[in-house]
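Notes follow the structure.
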Amino acid sequence: MSQGIAHVSVGEQFEGYLLIKSADKGVASNGKPFLTIIFRDRSGEIDAKLWEVMKDDEEVITPESVVHVQGDIRQFRGKPQLNIRQIRLATAADGIHPEDFMEKAPVPVEELQEYMTKTIFEMRNPNVQRIIRYFIKKYEHELFTYPAATKNHHEYAAGLAHHIVSMLKLGKQLSELYPTLNTDLLYAGIILHDIGKVQELSSPMSPSYTLEGKLLGHITIMIDEVELAANELGIEGEEVLLLKHMILSHHGKAEWGSPKPPQIREAEVLHLIDLMDAKMNMLDRSLEKVKPGEFTDRIYPLENRSFYKPTIE
Amino acid sequence: MSQGIAHVSVGEQFEGYLLIKSADKGVASNGKPFLTIIFRDRSGEIDAKLWEVMKDDEEVITPESVVHVQGDIRQFRGKPQLNIRQIRLATAADGIHPEDFMEKAPVPVEELQEYMTKTIFEMRNPNVQRIIRYFIKKYEHELFTYPAATKNHHEYAAGLAHHIVSMLKLGKQLSELYPTLNTDLLYAGIILHDIGKVQELSSPMSPSYTLEGKLLGHITIMIDEVELAANELGIEGEEVLLLKHMILSHHGKAEWGSPKPPQIREAEVLHLIDLMDAKMNMLDRSLEKVKPGEFTDRIYPLENRSFYKPTIE
Amino acid sequence: MSQGIAHVSVGEQFEGYLLIKSADKGVASNGKPFLTIIFRDRSGEIDAKLWEVMKDDEEVITPESVVHVQGDIRQFRGKPQLNIRQIRLATAADGIHPEDFMEKAPVPVEELQEYMTKTIFEMRNPNVQRIIRYFIKKYEHELFTYPAATKNHHEYAAGLAHHIVSMLKLGKQLSELYPTLNTDLLYAGIILHDIGKVQELSSPMSPSYTLEGKLLGHITIMIDEVELAANELGIEGEEVLLLKHMILSHHGKAEWGSPKPPQIREAEVLHLIDLMDAKMNMLDRSLEKVKPGEFTDRIYPLENRSFYKPTIE
Amino acid sequence: MSQGIAHVSVGEQFEGYLLIKSADKGVASNGKPFLTIIFRDRSGEIDAKLWEVMKDDEEVITPESVVHVQGDIRQFRGKPQLNIRQIRLATAADGIHPEDFMEKAPVPVEELQEYMTKTIFEMRNPNVQRIIRYFIKKYEHELFTYPAATKNHHEYAAGLAHHIVSMLKLGKQLSELYPTLNTDLLYAGIILHDIGKVQELSSPMSPSYTLEGKLLGHITIMIDEVELAANELGIEGEEVLLLKHMILSHHGKAEWGSPKPPQIREAEVLHLIDLMDAKMNMLDRSLEKVKPGEFTDRIYPLENRSFYKPTIE
Amino acid sequence: MSQGIAHVSVGEQFEGYLLIKSADKGVASNGKPFLTIIFRDRSGEIDAKLWEVMKDDEEVITPESVVHVQGDIRQFRGKPQLNIRQIRLATAADGIHPEDFMEKAPVPVEELQEYMTKTIFEMRNPNVQRIIRYFIKKYEHELFTYPAATKNHHEYAAGLAHHIVSMLKLGKQLSELYPTLNTDLLYAGIILHDIGKVQELSSPMSPSYTLEGKLLGHITIMIDEVELAANELGIEGEEVLLLKHMILSHHGKAEWGSPKPPQIREAEVLHLIDLMDAKMNMLDRSLEKVKPGEFTDRIYPLENRSFYKPTIE
Amino acid sequence: MSQGIAHVSVGEQFEGYLLIKSADKGVASNGKPFLTIIFRDRSGEIDAKLWEVMKDDEEVITPESVVHVQGDIRQFRGKPQLNIRQIRLATAADGIHPEDFMEKAPVPVEELQEYMTKTIFEMRNPNVQRIIRYFIKKYEHELFTYPAATKNHHEYAAGLAHHIVSMLKLGKQLSELYPTLNTDLLYAGIILHDIGKVQELSSPMSPSYTLEGKLLGHITIMIDEVELAANELGIEGEEVLLLKHMILSHHGKAEWGSPKPPQIREAEVLHLIDLMDAKMNMLDRSLEKVKPGEFTDRIYPLENRSFYKPTIE
């Protein structure tokens, strides 16, 4: 597992520990059951087939479990596929933890926490600061474990915090260039804008959408939370309205899920920074995988474009 | 005021009481100040000019006041315009009330109240019923004075309640045809869907958008209200989520201001009924003004179409 | 065939009568021919394979025939597939009729006929009534056998009549709420709007599009029919024009196939009722298949949405 | 009237005969009535005002009358306006005919008739030929007096025939380059495609839309006519269907008013030729009005573009 | 190879020479390597599988090579597939040339050259003529070997020249009908508009997009070339600007890749002629493959329409 | 002229020097000529009327002249209008320069020059650096006098350089956050992306579009310039292609005028930075004009939104 499951080659043997992301049962053309599994480790994912399914296998092979696997790497529809020969649940004796199989933010969590704490400390508007402290405390665990999205960008452990901190840094630079920006509002908007995702998504490890996520979405969820928080903290005043507006409008326009477009300067900047950081994260992660002179795969949320990696320095 | 200001003809004299909807100051090409006023009574509106402005006129001639006016009906850009000769504030002695100058719902308010009360009484789901009672009580005054919109449809006193009751009747009929509908949810969604407008709009008489209305909109405002109400009433459970979803999705799609589209049957029906009743109200009010064999003016929210009034019975 | 082919489970044996919807020949990787068949009965459809094709099989196994089949239910790409072991044509001795294998409207045909007859009887405009009688007579058979569409909604025997009658009921209710509606026009528009489908589609049992259907479509076909009928009946006057306009505009706008949008009140209502009944039919049929707390499959003509079935009463 | 009303300059006197296109009554700010008139002659149109309206003037000054006018050319909102000093109806003694004030096709009507006759004579498919003869006979007058549109292109007397003949010439050339085209179908489609306009428009001289034109449109009108003609002539067969399809699809796609897009080669070519000839007519007429090195006014149906007239030879 | 590879039937044996268009390696479910090849000859293409891959096969079986092949025609997913039994490189002794396996323009190259030469000879504007001569000389080889596109229309050897010459003929005919057209500009625009494709595409035989093609596109490439040519030839004046404008705008609008829409008459005509000739080429080639009474496959660039081939003469 | 013409109030007298932006002749309803003038000074613009036009006035009152004006501030259609009483050309004796009446960048030109020079000095890629030096030298005057646009953002003297330098600062900050960016490419793209505007616009003072600007646009103009520069400097290699690609794609997508979307990371960033700086400039300039608690006018290029200025600190 030196390099991880994303780096195996067709024809190789594989032996090692893997996390089960999903497992689905099928029936082969000979009438026998088989399992289609997606495994993951920190390097990425691989599809797999288990053709000889034993009686108990189905109960054992479930999402979020870690297993020890032996098998061969075949090719299926142009991609590697792991053909399982042996599989068993990892035990306590193996000394393995599911978290070790998740991709992590490229920055230590402590650094993210520290940066965020410092930013909040420097806020001058007491109402804004109290609301932010309320949520940082309420979600101190989730903020530093959840991804920022289920796919596309910052889709790794603490991706949410990583995204927030990158945006805070961008925000700080922009406010030097454009000194009219109200930094308290801007930083608060950045910290709050996506926290609703911790209720929209089911778990940090293999996230799917919750019922609330499907019927309301993270924007509406978070606006309700701010309303309740302000109510509980006894805060009244334009700050609450402006923060709700920033959350509501951060997708930029109706077609993208914001029923009101940005109508204060800080909301417009929040939207632009969010776009910028998400795009840079996607681009960097895609370009990392190709050599100079090559094009990346098509990147769906970047209008399905391929990007070229120049050969010049 | 026999027939009302909407029915005067060019060349006529006018004398009577009118409500001031708006008043703006201008300076004429001879350098003298004048006032451009919009008057209204129950029949409709008229533009007016006051060319000889006295010192105190500007303070006196303010929106929502009732005045006694004498003048001539001229024509300006193809429409009648009232050229004011005399104007004074109505006094207590005149026995005039601003409400008398508002267009009213074509159904008595008592009837609307009674129908709504009966509907709520018949609800069987206690959580849904309690939430609805909470709002009926909280907004008992606003519900029966506010219009349903600033223009286009149900833009008259108690228009909001009139729109709700028409939709409830439609909902009742549909649930006879399609018995799978959950009537508690449907009726509750109908009653709540537009109540946010009492905070989105500044007043029932000459409504403009409030800051909250502009930055959040009536949908978001109402979802917050439901969240707070459920919190205050101690209600938990899918009902709260479903009611919030119905409010959130009632505009039908993102481009129309609903970040989530309807995802339960009752939400889809709520959207369709809302559309149907708004369209019928607009159509009826436009067709009323033309004779058989004629076309109406273009109706902007009906994709700017003109409608033909047939000559056959 | 107790429950029908839509309710078999993977691993089961099947023996019974089925209607052939389509049959296509293929050549397997071993060079031998095989048949891919779609069977149907009243409960729904199933894909099937016949791997050992005998000489005469191809002539015998043809669309719209009823056969007796034995085989096993396998799984193929996540769906059940019938692997045929034995197959033979049903004979007179089997006492089986193709019509028995079609899904039927959930209301008896007699009831639909009666409701329609009553509606026509109550019409007061003689021109409108004569035109409607003409078509009811001309298509008395097709109206009560054809589906309203090849898929999506009312796609069962007499689906067309079922759709019309539901819409008539909706129309009746609406005209109580909005008494300005001309019911003769509205009901006539409802009855005529989709009859062109009996020429657009090839047959009631396994409908495909006719050449006329592809090059002209049911709207244009029906307008021509009304023109010829009025000509034959010697009817002149606005009624003919208005009925043609209602048919022409019932899809609501150009992008949806109506070169003119509704321009009379009754045409707008026809369009809205058509939408409402089609959507309710789709929703009911999809939600029927899932349990409370689950989402339906994505429903393509409802903007590809999934719908949630609430758990509350 | 040497050069015509389109060529007068601000400050000039005008005396001559003009056709009244429209006349509307207004009331001036001094309370007196006035008339706003649009005059036309063969060169174009001019707006005019008659400030001193005599008792009988209103009855006399009506659309489609020819009058003798004296006045001055003023400037109003950047355009010349004729300020009327004297006006009287033209009498028999003046020897003036309304037709002389209409713009005419740049090709003699006889030439257009002859070309069309020759084309029909050369058709080889008897069904197609009989249908075309039927319509040429039925509309022999209208075809050679109506414009092809109320504005934008070929909006002059016999514009319809001029448009048809230009398209026939284009069609002939294309069928030399692409010999697979069925010329009978193509020529027949060209001749029929816009004839419905003679019912869609009220008159050749100052056309407005008829009720049938508004509720059905020229495409639907013409398909009905072909249906009746084929019925009357006893013609059956694919020809009728194909001609109806060509008429139906000649606007190219649903958004442009064709519920079915072209599905035979000749229908696609008909659509392209129609576009080409309309565009060339608009371009030529706009570029005629400017000098080399200048841009034309914006041309609305050409996506609101201005076109540049090169200075090179 | 009598009729060519596009005309084989399932079940037949095949023996003959074929050009390799592409070859990809896979690994079968039994772990053994195989090759998926696309072969072509003048008649069209066929997919093939080589299951028993020898050591050297991979080096030998490369794109643009000609091989001698023996095998059987199987069916795979509804299309014929060649199952290879024997394969070897063609040798000098076989007397075979890759060009013989390319589809060719339906007109001899000499004829295309002659027509183009004659057109250039007749130009009267010396600046325009010199620029055209420059490019005809620079690309005398590429012009008469490259296709006009990688797929859809004129995708055969000398397709580019064939497309240009058809458009020149169309242009000549149009300028007879619309004599205001500047033929020098129009013909020059036709000749230049797509020449950038010889740099956008990698080779005439199995074209893919070059880096310059992907990052700039043939329009931008060609505008740069005209700039350099004019610079080198010392030509100044409106001609250069107008030719660049025609190239820039020939896709008609921004969404289709022309940042400026046509703004001179000749540019508009160039765009229309390009569309017309591309469409006719696609239509003819698709309709050729079906019998009267049938529909073609869906044609993607013609809005995915199927076209019907009439049964009448 | 203490505060400037943008700050006068209705009813005031005005006396001072103004620059004529445009002057158009009209004829009043009394038949007399008058002039409609737009004046500007550094603070903004005002509309004006000169009713008594003397013989020589028309020749004297021409765009880009400075005049001494006396008059009264009236109100016309809700905006102040200067009614001219006296007007004369400024003379040498007045000591007035047209440049003094242009709005200026809020940063001294020297500072902009210095920042740009420093940036170029730090470039490490010699090809990129030479191309940039070439253009800085070629347009050393225009770069520091032209606006970045005719309206909306940076529409003041040296606005182009101001826009470039703000973007360079943004680019420097981003490359600290996202160290994978190639700063040479990014900075070069920023400097070149809009220089084509100095040919697209006619002059720095009252810019209109040149013929080249209308028919080609600044993107195409600049790509040609880079091609010629590279040719002249003898530079080959990917740098030239990448710079052309960045210029070509900087509007982000086809609908916005970039026929190719960004396909390298630096091109995507260039597009985002351009958007960001233009939006911030517009927002700052609009919000400057309103007080806390107010909304700005609608800002057309920001999707016509109004922005709210918060009342909180």
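For this structure, a couple of remarks:
Read from first to last, the chains carry the letters A, B, C, D, E and F; within each, the first residue is number 1.
Here is the rule we go by: a contact is a pair of C-beta atoms (placed from the backbone, for glycine too) under 8 Å apart; a residue touches a chain by one contact, two chains touch by 3 or more.
It should be emphasised that the depicted structure is a prediction, and the values quoted were computed from it without experimental measurement.
Looking at subunit D and subunit E, the chains that touch each of them are C, F.
Note on connectivity: the fewest steps through touching chains from subunit B to subunit D is 1. The most distant chain from subunit F, with centres taken as the mean of CA atoms, is C.
Distance from subunit B peaks, on a Cα-centroid basis, for E.
Averaged C-alpha coordinates put the centre of subunit A at 45 Å from the centre of subunit C. Shown for subunit A are the residues in touch with two or more other chains, namely 211, 214-215, 242, 263-264, 295, 308. With chains as nodes and touching pairs as edges, the resulting graph is of another kind, matching none of line, ring, star or complete.
Under the contact rule stated at the top, the pairs of chains that touch are A-B, A-C, A-E, A-F, B-C, B-D, B-F, C-D, C-E, D-E, D-F, E-F.
Within the complex, the subunit C residues that touch subunit E are 26-27, 29, 31, 211, 214-215.
Partner subunit E is touched in their complex by these residues of subunit D: 124-125, 166, 169-170, 173-174, 177-178, 180, 182, 185, 237-239, 242, 253, 261-265, 268-269, 272, 275-276, 279-280, 283-284, 287, 295, 302-303, 305-313. By the touch criterion stated above, subunit C contacts subunit D in their complex at residues 211-212, 214-217, 219-220, 223-224, 227-228, 231, 241-242, 244-245, 248, 254-260, 263-264. Looking at the complex, you find that subunit F touches subunit B at residues 10-11, 72, 74-76, 78, 295, 308.
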